[in-house]
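Note that chain A is present in both complexes that follow, paired respectively with chain B and with chain C.
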Partner chain A sequence: MTERAQRITKTSAFVVILLLVLALPWILRGTVKAAPYWTHVFVLIGVFTLMTSSMRAIFRTGEVSLGTAGFMLVGGYAAAILSIRLGLSPWLTMLLGGLLSAAIGGLLAYPFFRVKGVYFSITTLLLGFVFLYLAGWMDWLTGGWQGLQFFNITPELTIGSLNVAFTTKTNIEYYYLVVVVVGICLFVLYRMERSRVGLVWKSISEADHLAQSVGVNVMGHKIFVFTVACFFTGLAGGLYAFHVHALSPTSTPANVFHFFTSVYCLMYMVVGGVNSFYGPLVGTTLFMLLREWGRSVSEYWPLVMGSILILIVFFMPKGLVGLPGYSRIWYEKLRGFLRRRALSSE
Partner chain B sequence: MDITAQDAVQSIINGLCMGGTYVLIGLGLTLILGIMNILQFAHGEVYMVGAFIVYLLCVLNGVNLYLAVVISMIATAVLGLILERVFLRPLKGVFLSYVCVTTGLSLILQTAVMLVFSKGVKQLPSLWGGSFSVGGMFISRERVVAIVIALLLTLALYSFLKWTRYGLAMTASAQHREGALMQGINPNLMSALVVAIGSGLAAVGGALGGSIFNLDPYMGGLAFMKGVTLIVIGGLGSIPGAVVGGLFLGVAESLLALFFGSQMGIILPLVLVIIFLLFRPKGLFGHD
Partner chain C sequence: MKKRSLAILLALMLVLGLGSVWMVACGEDEETTTTAAPTTTAGPTTTGGGPQTTAAPTTATTAAGETKELVIGGIAFLTGPGAAGGMAAKTGWELAAAKINDAGGLKIGNDTYMVKLLVEDDAMSVDQASTAAQKLIQQDGATFIMGPLVDAFKNVIYPICAQNGVMLADVDTKNASAAIKYEGNTDVSPDRPLHARFHWANDEMMPYLFDYLQENYPDAKKIAVCGVTEACTVALYDWLGTTLPARGLERVGALEQMAPDTADYVPPVTRLLSAKPDAILVAVSTPQTWGQVTKAARDLGFNGPVMCSTHMGVEFALMIAEGAKDVFGAGIAMADLAGLPPAMQEAHEAYVAKGYPAQDEIADVYLVGYNGLWVLLQAIEKAQSVDPQEVYDFYQTLTNPGDLQTLWGDGAYVGGLQSTGVNAVLCEPYWINGVGADGVQKNLKQVFIDVP
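What follows is the complex of A and B.
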């Protein structure tokens, strides 16, 4: 294929996917019974895609952060509390939640990045637990173990005489809100990765000392990417908060702010394909849809998920994004095998 | 609320007992990290599986408790061997891969145990029922037994590493992998041994923990977190560090819980660990 043809294919695929994403609520309305529920599922997919992509942005510098759920909690709780206590508009508080999460991330990034690899992962993992327990402990602010509920606060938008309330009745308005916000965030992340900054991240992950010796400010770049990722994770928390209207700090695995969410994000990232920007999108969408279809056997779900993850790591290290390449290799291998057998049997 | 000296002593003893079970988890984690350079995310689940095997033998089939613990230790060591050979060895320490594989394993083990032993409260019988009093304070026997078992096993491990050929070979691999390889030490054998020993110890930890608290398929996650906390305090890869770190963590938790409430008992050690990682990443007993 020539370069031009490739570009045309890529652009047309992008346009088709974009149209599908935009038309999704209406498609769902026409095809499935519980359309609001499925729209809700897609809202969650959007939120989790943003979190997984931010995790992957940190991974571009070679570090695995397992504190995703913790920063999501900070963003979600900050947005909810500011709206409840101070009566600020949800639009503002979602942004403030992201900013608070980014501020905490930015402050902690310098000490955290003094350690690398396993040690960094441990630190972020423990930080996630600290946030979870703090949210339970600070009951004067967060409502403690009872959790926070704020069903009466919904983001509203007034353009001229048109007033749109993002309620949970059909979820359609909220779906579009998430599509727009997550779309913008993903675009920013994409542009960063494809720019000079992204190349610098890659150089840090491949050889940090070498990068430092040619004048890259390794620590500065790591702090920067961590802060950005924390901002997006906090924003995802805010989006989540105003969608479900109930937050809780319980330490059961079912809670979205529990450590398991970080593990799931890691899974989505790896299963989708860690080296491609589209990996988190593919991984999150497929896994969360599979999970919905598997509701009836939800007890077995972690087992299935763990098995898929291990199989992917062993047999498809590039993830599902690399499937075309893998299928070609497998096909060739199978053909070679069959031919050898045919030859030996003659 | 008044806190008497008796309360303080009680909570120190409880803390030492908890610390004993933490040490048994931490020893495996720290050995595996030292020799294979892998953080075994499924180690907490190995601990949980160990406890459930004891439950299966002792409560459901009426085997003697101490015999059940020994059988569970051996069975878990074999499980460790399988995990090492099938899952960990082919990865050759690639960071993201082993994080994924071991977390995947922990999900699989959790679900498998949950499906086999349906939900509901389960408890192991007490190691040694009753209590005795020293100077007007009641100390339950099972806690003392737990501390003694943990310390004996640690001592056994320490002597193994200090005075036997295989132990010395293991210490050598932990200190310098390539150097040990050049001396003719088989790194794969060492990895297999270390996972087996670590898993066996974790199983005993699970049995001790399970006789004091309830059994639950998700108990491994918290135990894993404690293990990670204590190996960071003690210094990654250090045995004396793991012992001191574990006992310190247990006592600190229960004293903090006594003075500031149980929430703070969980939060403050985590904050302490983060501070440790930042200012003294080597831990108390670690070396470069």
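What follows is the complex of A and C.
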């Protein structure tokens, strides 16, 4: 296949997927009984995809951040508090939530990146806990352990005489909001990864001393990508906040702001394919849909998830995005095995 | 070239996104009219402005004498650290549903409705609670939702129920009733139609605990107050500042709030004891708080009574504070089953028959779940309708003592108009359980919680 044909194929596939994503709520309305419920699930998938992709952006520099849930909390709480206390528009506060998250990330990035590997992961993990407990204890600001509820605050859009409220009534409006916001964020992340900066990140990941020796500002790049990722994670927190309309810092493992959310994002990333930009999208979508279908056995979910992860790591280290390639290899292996058996039996 | 194609793609995305939003806005009317159709059947009609297809599965046909299915949803934490409580509530709901189904179901007009109970896990997470409610209502067709057990989540579930014309049945205790004013109160109120409460709130139970305290510990005048770190605990503490003096008691010391996952209770209890109280009140408790506070108080040499206004079997507290005496609170002691009403004993036989231990420490929770669903089903049968609005309206008229039966005893009715602004609170008998100076766990006193 020529390069041009490949490009046309890729672009066509992208447009088809895009159209499918945009038509999804309407497809759901026509095919399933509980369209609003499934639309709600896809809204959450969109939010988690953005978080996982942001985590992967940091991973491109060779570090695993486990503070994703914490930065999501910062963005979500900031957006909600600014809207509740100051009456600011959710559109503005979602952005401000992302910016606050980025500012905190930017400030902490330098000391955090002074350490590497598991030490970096531990510091980000603990930071997530700090945010969680601060949200619990600063009850004068955050509502404390009881959390915040703000059902009367909804993003609205007025275009001429048309007024659209992004409510939870059908979830469709909010779905499109998430598609547009997450789509733009993913596009930015994609462009960064495919640009010269992305190559620099890869060089840092593979040999940071070597990269530094040829003039790459390793610390500068790490701080930059961490700040950007924190911005997107904070934005995801804002999107989450105005969809669920309630935030709580309870320290139960299932709480979205708990450390386990960061671990789940890591799993989504690995299962989807850590080396592919599409990995987080595939991993998050598959796992969250599986989790929803398997509600009746939710107590066994960590077991199922862990087993899938182990199998993927052993048999498909490139993740699910590598499935077509693995299928070809497995097919060839099987064919070779059968051929050898046939020859030996002759 | 590359830049141009990317710009085109981005523009395409934005245009399609905005186009979709416009399509949604134009499709609003269509949504309402298409989903209104099921309400034209002769069966119970649905109310509320949201998508109303949820009632359709149970009301699509109305031929005389048919056996139909009534879907009732339950939301509880079935996984995570509090799973034991959620699973107990689920067991209670299952037993109550089985009792009604085994007796032939609910007789509504000429039809018979078999209860189909579906319980979903909220995992103590806001979004999981929201997802669970949407699934139960939109996918499973539930028209009545019980739970969630976490007080704060009720504000998450209620709007979803209201939008879909589904009745929210609050079957567990409420930390603070609508009479206690604070931001985020989750109680029934006139501006929360289709929300009914089938159990008491802590502030409604407290006067009876104070009565018991004054009867049995007349020298105990100074009360130190603690509880789980929540806005309602602060509000209850403020309320006690005026309530206790009116009874000749005194609130001493500052409020000690304890996070749900507190590991060391000695520091807060030390501060609590520094006010030299005669008794300690745990105003809002997790399954652990009451026992942990009691243990820490005894370890620190405090021998006065420790009481709790969140319902709990005293066995549960004594699992932590082993051997403690002079401990009492709202709840049922399963070690003292003999003196309890026959309905509760019957329920407990069914519980034990399922393989649970007779003196299960968590039994108090399953009983609350059982009682809640039983009362809801009575209300449905008395209303002679499975339409949530009709049941809610009829529930509010059950104001005569004895209109409803409970596990805890006879004489229950619906009240609460004066204190909550709406007649949607179950007034019922309940029990104070505890351990006296003799060290025996028992049900100390039956009280009737009358909510004006």
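Just so it is clear, the second predicted complex is superposed on the first by the 346 of 346 C-alpha atoms of A that agree within 3 Å, B and C clash if a C-alpha of one lies under 4 Å from a C-alpha of the other, contacts with A are read in each partner's own complex, and residues count from 1 in each chain.
Here, contacts are C-beta pairs under 8 Å (C-beta built on N, C-alpha and C of every residue); 3 or more make two chains touch, one makes a residue touch a chain.
Here the structure is a predicted model, which means the values were calculated and not measured.
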Which superposed partner A:Ala254 touches (first chain B, second chain C, both, neither): second
Chain touching more of chain A, residue-wise (chain B, chain C): C
Chain B versus chain C as contact partner of A:Gly220, first or second or both or neither: neither
Contacts of A:Gly136 with chain B and chain C, given as first, second, both or neither: both
Which superposed partner A:Gly325 touches (first chain B, second chain C, both, neither): neither
Which superposed partner A:Thr123 touches (first chain B, second chain C, both, neither): first
Touching partner for A:Gly336 - first (chain B), second (chain C), both, neither: neither
Partner chain in contact with A:Glu299 - chain B first, chain C second, else both or neither: both
Chain B versus chain C as contact partner of A:Met267, first or second or both or neither: first
Contacts of A:Ser307 with chain B and chain C, given as first, second, both or neither: first
Where chain A meets both chain C and chain B, residue numbers: 136-137, 253, 299, 301
Residue ranges of chain A in contact with chain C within the complex: 11, 14-15, 18-19, 22, 33-37, 40-41, 44, 136-137, 139, 143-149, 151, 157, 159, 162-164, 168-170, 172-173, 176-177, 179-180, 183-184, 187, 191, 240, 244-248, 250-256, 292, 295, 298-299, 301
List of chain A residues in touch with chain B within their complex: 59, 64, 111-112, 114-115, 117-119, 121-123, 125-127, 129-130, 133-134, 136-137, 253, 259, 263, 266-267, 270, 274, 299-303, 305-307, 309-310, 313-314, 317
Interface residues, chain C side, partner chain A - complex: 5-6, 9-10, 12-14, 16-18, 20-22, 24-25, 31, 50-51, 53, 77-83, 120-121, 123-128, 130-132, 134-135, 137-139, 152-153, 155-156, 159-160, 163, 183-184, 228-232, 259-261
Chain B - residues contacting chain A, complex: 33, 37, 39, 87, 90-91, 95-97, 99-101, 103-108, 110-112, 114-115, 218, 221, 225, 228-229, 232, 236, 261, 263-264, 266-267, 270-271, 273-274, 277-278, 281
